[in-house]
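For reference, chains read A, B, C, D, E and F in written order, and residue numbers begin at 1 within each chain.
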């Protein structure tokens, strides 16, 4: 049983490590930011996921100390990684105006939110209100 | 254990916090709190002075942890003296600031209280990392005070001040680290116990740490070539703040005196009197450069700043002689120069406030309101600052000249002190004549329209100058007491025993 | 066996970090560099977790958690900065 | 390991000092950060290095690293955080006041320090400029 | 912080103290995970913390997230987990073995039926985590999603897959 | 006591006139008159005793350690001078009452005058030489005020400064001399010093002391080459000149030479220094006086000349010469004061003091003219006036004096000086009062009111009386004074008008003849004079001062040029060099500690760190990038902390890191995003090279020191903390226990720092919203294009979920901190940053409306809570911050621990959250100030639900 667990842990570690490396290789190898974005946001997530899983199994199975913090970290990474990617893409599009012209239309009466303001009352207003409450 | 020892730190801290919590929007309440606190602080400091006068060193083990494991406050005569000095200057400056400066920005009073807290802490602590913490408290409060009221030049000078001190703080930590690495302690008394036993192999590291720490204190004390921050800072700070800063340079001097007599003094073996060869030439150079600056200054504030540098040079060079006699002279001069510089900065502010756009610059301006009174105060402050008789500056100068007589470098002291005195006299005479006399030659220019807020500012300046008069009249007893201070300082066994001995067995 | 796996893991994570450094040095776009640092954080988290296994110590995980949380926030802050200039508006 | 730490401290110090000596407030702030890292690591190193020996009392521990430097470094980190914040904001205020971010006082030192770059900045445009981007394409 | 201590607060007791019951439950669970061991005391502390924190932060989350079906939510998690593993393998292949020039990178637009911000966010996140797609932007009215594909020879197929595999399921979870 | 009172009375008196002026000018003058009068009465009351040969002493300790006593003694010399000072002072007070114009602030004048008088009386009555120095310098100061009294006159201001500078310099030299003297004598009291002639003159320090003291005397008494200040001091009102330059200030130097005569005189050094200086001064000044057209200028140079005369006599070192000196001091005081007042009258009434514009005043101002003729004749040394007597004595001594073996040169030069003296005295009389009446006087001259002429008249009476009956009028006085000066030497002399035909009489006659001849041929003599060179002392002095000031400015402003770069370069160089010097100067041995293996991952991390540093340095002008890259360095440092058993540090560092990044980015919104081209290496390669070298040297130093530390073993306090953490502090996380307990005081200070930082930041930012900066901000627009998406939906949603999670994590970290890595500070940063994320997602305004906590209050509260836990211990009579903890049992909950340190940590938590939020929130508030948008009502801009209505429409 211990062997199986050890094997599992080792496999998870090796797999995780491999994905880490692959993600970073992709980041070096792929030609532009938008394609590079694909590499780390996916591979590294599983890479860390592998390590975390290995850790969970290791402590629970081999050390006998149940440790579920790793779940928390994994959840957290899964929540944040897409967001980071989303923002990086938006910021990149914003910075590189030449990319704007390559974007497909939204199919809606409005453009993409990075370039086009949302419908609604986001209008400049009088001084007093906009400066708002502070202190 | 006497709880009085913690109060000079605790009182301003609590009042500062209360001011933030409860008196943010009420100027009158804030002023009331601030003045009451500072008066009380003075009373506490005086009580501590009386307490310390019996010659016994008292320690206060925070958290009841025995030294050297916990942090210890230690009260000896020197610490008590500095506390009183801080409170006196603080009260004077506060009264002045209440004249209107405190309303020119936010949070003046809490920052002021925290400043007092930091300075008091630096005087009381017996732990050199804790000293770092109090340095940072007094520094960060001073950053806030320095840029109080804003203005381009002031804030930019503030940036310079902050950056310089941040570099200094880094070096402080590095030095503390080296000393801790070799000695394994942070307690100054414990350090004094360990330093003599440090093996030769570790001496280089220990002494490097000690010298770097000396340089850090020298930054605070504005010793050449680490003084560059001072002129810009003091000359651009709000008047009352510059006046309060007069004690901050003394914190550096105090720390040097404290640590380098206690731990690197006569008993320190290979590291004995480590500071002297660095401090003495630098001090004399500082004296010369400072007083040269007095002659070269372009404004009253700048002149006062350079005078402060010069006085720090004289003070530190005298300290560097490291004899009880020289030290007692230095201490007298320290008290004097602190109060004199404080008064001078306040007078410079009185002038600046009355000269419109020219402020205190040496540029033609019409006669100022209350010119006679302000001029008189300037005259007295200038006499004090240049060390002319009959005020305490002269006695201080004589004491120093006499006190360094035994030093191998006495001739340098005498020549430089006397020459620079002359330079300072010329500088101050030119300035005073320009600012107060020359406007009378202008064709019937109307006096400036400035209407001062009240008598409080004059009371404050007058009070500080009155302290100088008292210091002059009672120079004998004061100096006799300072000799006891020095004697206690140079017999560190009492301090060490009090710190390392009494707290044992509390837990 | 786990030890060998760990060595492998350390090696790949370290190599990955060096590749990230390469991307950081090369850019070319600012966002490439942000991405490089973002990925670095991920790799460092992995390193921390692996070190935790190696040292059989659980205290590493809080650090990993905070790295995850704060790495994300600083990435977002950079992006907001590029997008709006004002990180909080 | 010791060599890595020592040389890292040296490199960070050197980079920090180089940056601190630059002419604009911003790189100076960055330099101070580097210097702070170096200092903190140095202070930490005074307690010497140990791996896997955190100063948390437990039955399983094989030994403990010197906890005191860590406490000192913690204090130092917090303090330098406050200091960094102040210097950043003060630099900002100085820039708003004087219109340039040169570290020198305007005067003898550097002619640049007296310039007001702020005048070159754009005035506030009509905020509608943010709108009217790309919408539906035919 | 943030809680209004208004005596005329029209909200009911549960609305005030359990504005997001799901979040409160998650927090309690999370707390127990963090403690790493069960004790009744720990649970009490966890419940107190969870209630207080949800209440305190509810100002920032005025609406209640409308989750309809819990079982479907868990099923969705399973699908995503599987897809993530697959995605990683696919991307690995692309990165390691495909010449860069041969990748059919392209933009695709996913028109959204979803209206709940929470649901759209989950969808965008899912898309990013799965095979060769990154959701890069949202239209200004929030009704279509811009997705970058690393290798999508057929754009329509890619959109269809995303909508079928994820959006449809999400619509069942968030109505 | 009465001695001290004599000194004090003028000082006390000085307080009144400035106030009494409100009661009118006469009341003011009267008040000013009363105090010196009282002092004079007191002095005269002592006279009988002094004449009996007694020496009165009174002393109080002032600074015993220094030997500074408030010690006074009264002997003949002191009494003589005090009498002169007080007596002539009274006359001057009366005279000034009428002299000063209505526009002159009279009260201030009298205050200054009495201040000066007090200082002078102090000088002459001091027993203690340090006390004497005090009064000595005080005369310089008060005379500065008097000379500069007419503030509007540039000559007055310059003259005052010049007098102060020259006499002040001498005074400073004298301080040194006196200190040496006192050291040799072993006492600072004159009464002791005067008894130590042998010891003093035998000391190797005699010459330095002598030179230094003489420097003081010569400057004060305007001896060549320091004479130049005196004529320029004549810009003062005439009463001042009359007082300072006849009887008082300039006599102070003479007084001191006379005072010290018993111990200093009689040596070769003394003779050549003093006698020569006096002779040269006498001659040169007399020559110049002849060609001065300004009445007061003439009198000024005459004064200098007479001072030289007395100096020379004192320099001769013989008792008889000393008697002559004393006698001439008396005589000079009388006729010169009278002449100054006289000149003042002429100036006052005729409106000019220029001799060339005067003449023929005899009929217009007969009283004035008479007084001038008598006093002038005395100055010329004509019998039967007192000037003649003492000049005769001088010539008599000069004849007996050999100078470098030469027996006649002194006599010849003294006679030449006497010739000039006769000539200028007669010029004063003849060119002003005789000759034809003119009609171009600025005012119509007439005799002044009695108040103005009576004082000089009184003096003229003395001039005549002493001349006629020297032995009865002045004899006893001169005797007692001479006894004091010579230290009781036995002398055979006789004050009389007629001594028979002596060589001196012959020389006198020659002088009168030559002098009158010179006046007759004045035009030709003057032409001769004007053909010669005229080194202008004032120009030289001014040039010297200007040069000194220019040098000072060059040094000061050259060094302090406002460049922080330079300042830091100096400081860092100093640190680096001092570090190396200290290290190399002390013994050092390499450490022997076993090294830890370098993990491959550690090497990779090291590469990252070095790369990060290099990139920062290379890209420092690209600011966003700098922040990013420095962040990676910070990451590696965190990683190092984790790996090297410092989890608390890592947690803290990473939290601080992100807060710092947000802060810097917030600030960078307003700052330029790129450094200017002028900062680049290419623009100034030398500077970069210099900085690079300094940086590398310092880096090597730090690396070396680190290596030295890391490789050696040592003991420390740590075992105590490890041993007592659980038992004494109630926690297993030793670092946390140190922070909140063992060294909780540090932490108390640390949170205060953070609180203060936030307050300072708030004050800085709040101030920026108003005035110039406020206007700038209001007109500001972003310097980069902005994306349209202000509050992206996905972020808003994510933060909503993450905020509670983060807060829970924060709570967890807080609660477990005492036992595991964590604690109040880290928890606070976690919570703050989670909150900040909320601000980032939905905007400052939106979030601020939903946060009802006041961050200021939170800071204050936090510090108070932390303090309160400490004060709680004090209530129980334990030291501040003494902690307590206990394990408690509650039903259902079970066993749990409570520690006062937790309350302390709560204070930490509150302060830190307050501080971080106050700082960050207010930075973003600045951004709002510049933003043209109103506060958003919804949390997000893109809201698919909200837009639905529009779609349908």
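Everything that follows uses one rule, which is that a contact is a pair of C-beta atoms (placed from the backbone, for glycine too) under 8 Å apart; a residue touches a chain by one contact, two chains touch by 3 or more.
A quick note: this is a predicted structure, and the numbers were derived from the prediction, not measured.
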Shortest walk length in steps over touching chains, chain B through to chain E: 2
Chain separated most widely from chain C, comparing mean CA positions: F
Greatest separation from chain E - chain, by CA centre: F
Contact-richer chain pair [A-E vs D-F]: D-F
Computed distance of Cα centres, chain D from chain A, in Å: 27
Between chain E and chain F, centroid-to-centroid distance (C-alpha), Å: 72
Approximate Å spacing (C-alpha centroids) for the pair chain A, chain B: 54
Touching two or more other chains - residues of chain A: 25, 37, 45, 65, 67, 69, 72, 76, 79-81, 83, 86-87, 90-91, 94, 103, 105-119, 123-124
Chain D: positions in contact with at least two other chains: 20, 25, 28, 38, 40, 42, 45-48, 51-52, 54, 56, 68, 72, 75, 79, 82-83, 86, 90-91, 93, 97, 103, 105-106, 127, 130-131, 133
Residue list for chain B, restricted to those that touch at least two other chains: 129, 133, 136, 140, 143-144, 147, 150, 155, 159-160, 163, 167, 174, 177-178, 180-181, 186, 232
Interfacial residue positions of chain C with respect to chain F in the complex: 10-11, 13-15, 17-18, 20-21, 24-25, 30, 33-34, 37, 40-41, 44, 47-48, 51, 59-60, 62-63, 65-67, 69-70, 73-74, 76-78, 80-89
Touch list for chain A against partner chain C, complex: 6-7, 9-11, 13-14, 16-18, 20-21, 23-25, 27-28, 33, 36-37, 40, 44-45, 47-48, 51-52, 54-55, 58-59, 63, 65, 67, 69-70, 72-73, 76-77, 80-81, 83-84, 87-88, 90-92, 94-96, 114
Chain F contact footprint on chain A (complex, rising order): 76, 79-80, 83, 86-87, 90-91, 94, 109, 113-126, 129-135
Contacting residues of chain B [partner chain D, same complex]: 129, 133, 136, 140, 143-144, 147, 150-153, 155-160, 162-163, 166-167, 169-170, 173-174, 176-178, 180-181, 186, 232
Residues on chain F engaged by chain E in the complex (per definition of touch): 788-789, 792-794, 796-801, 803-805, 807-809, 811-812, 815, 838, 842, 847, 850-853, 890, 892-896, 939-940, 942-945, 947-948, 950-951
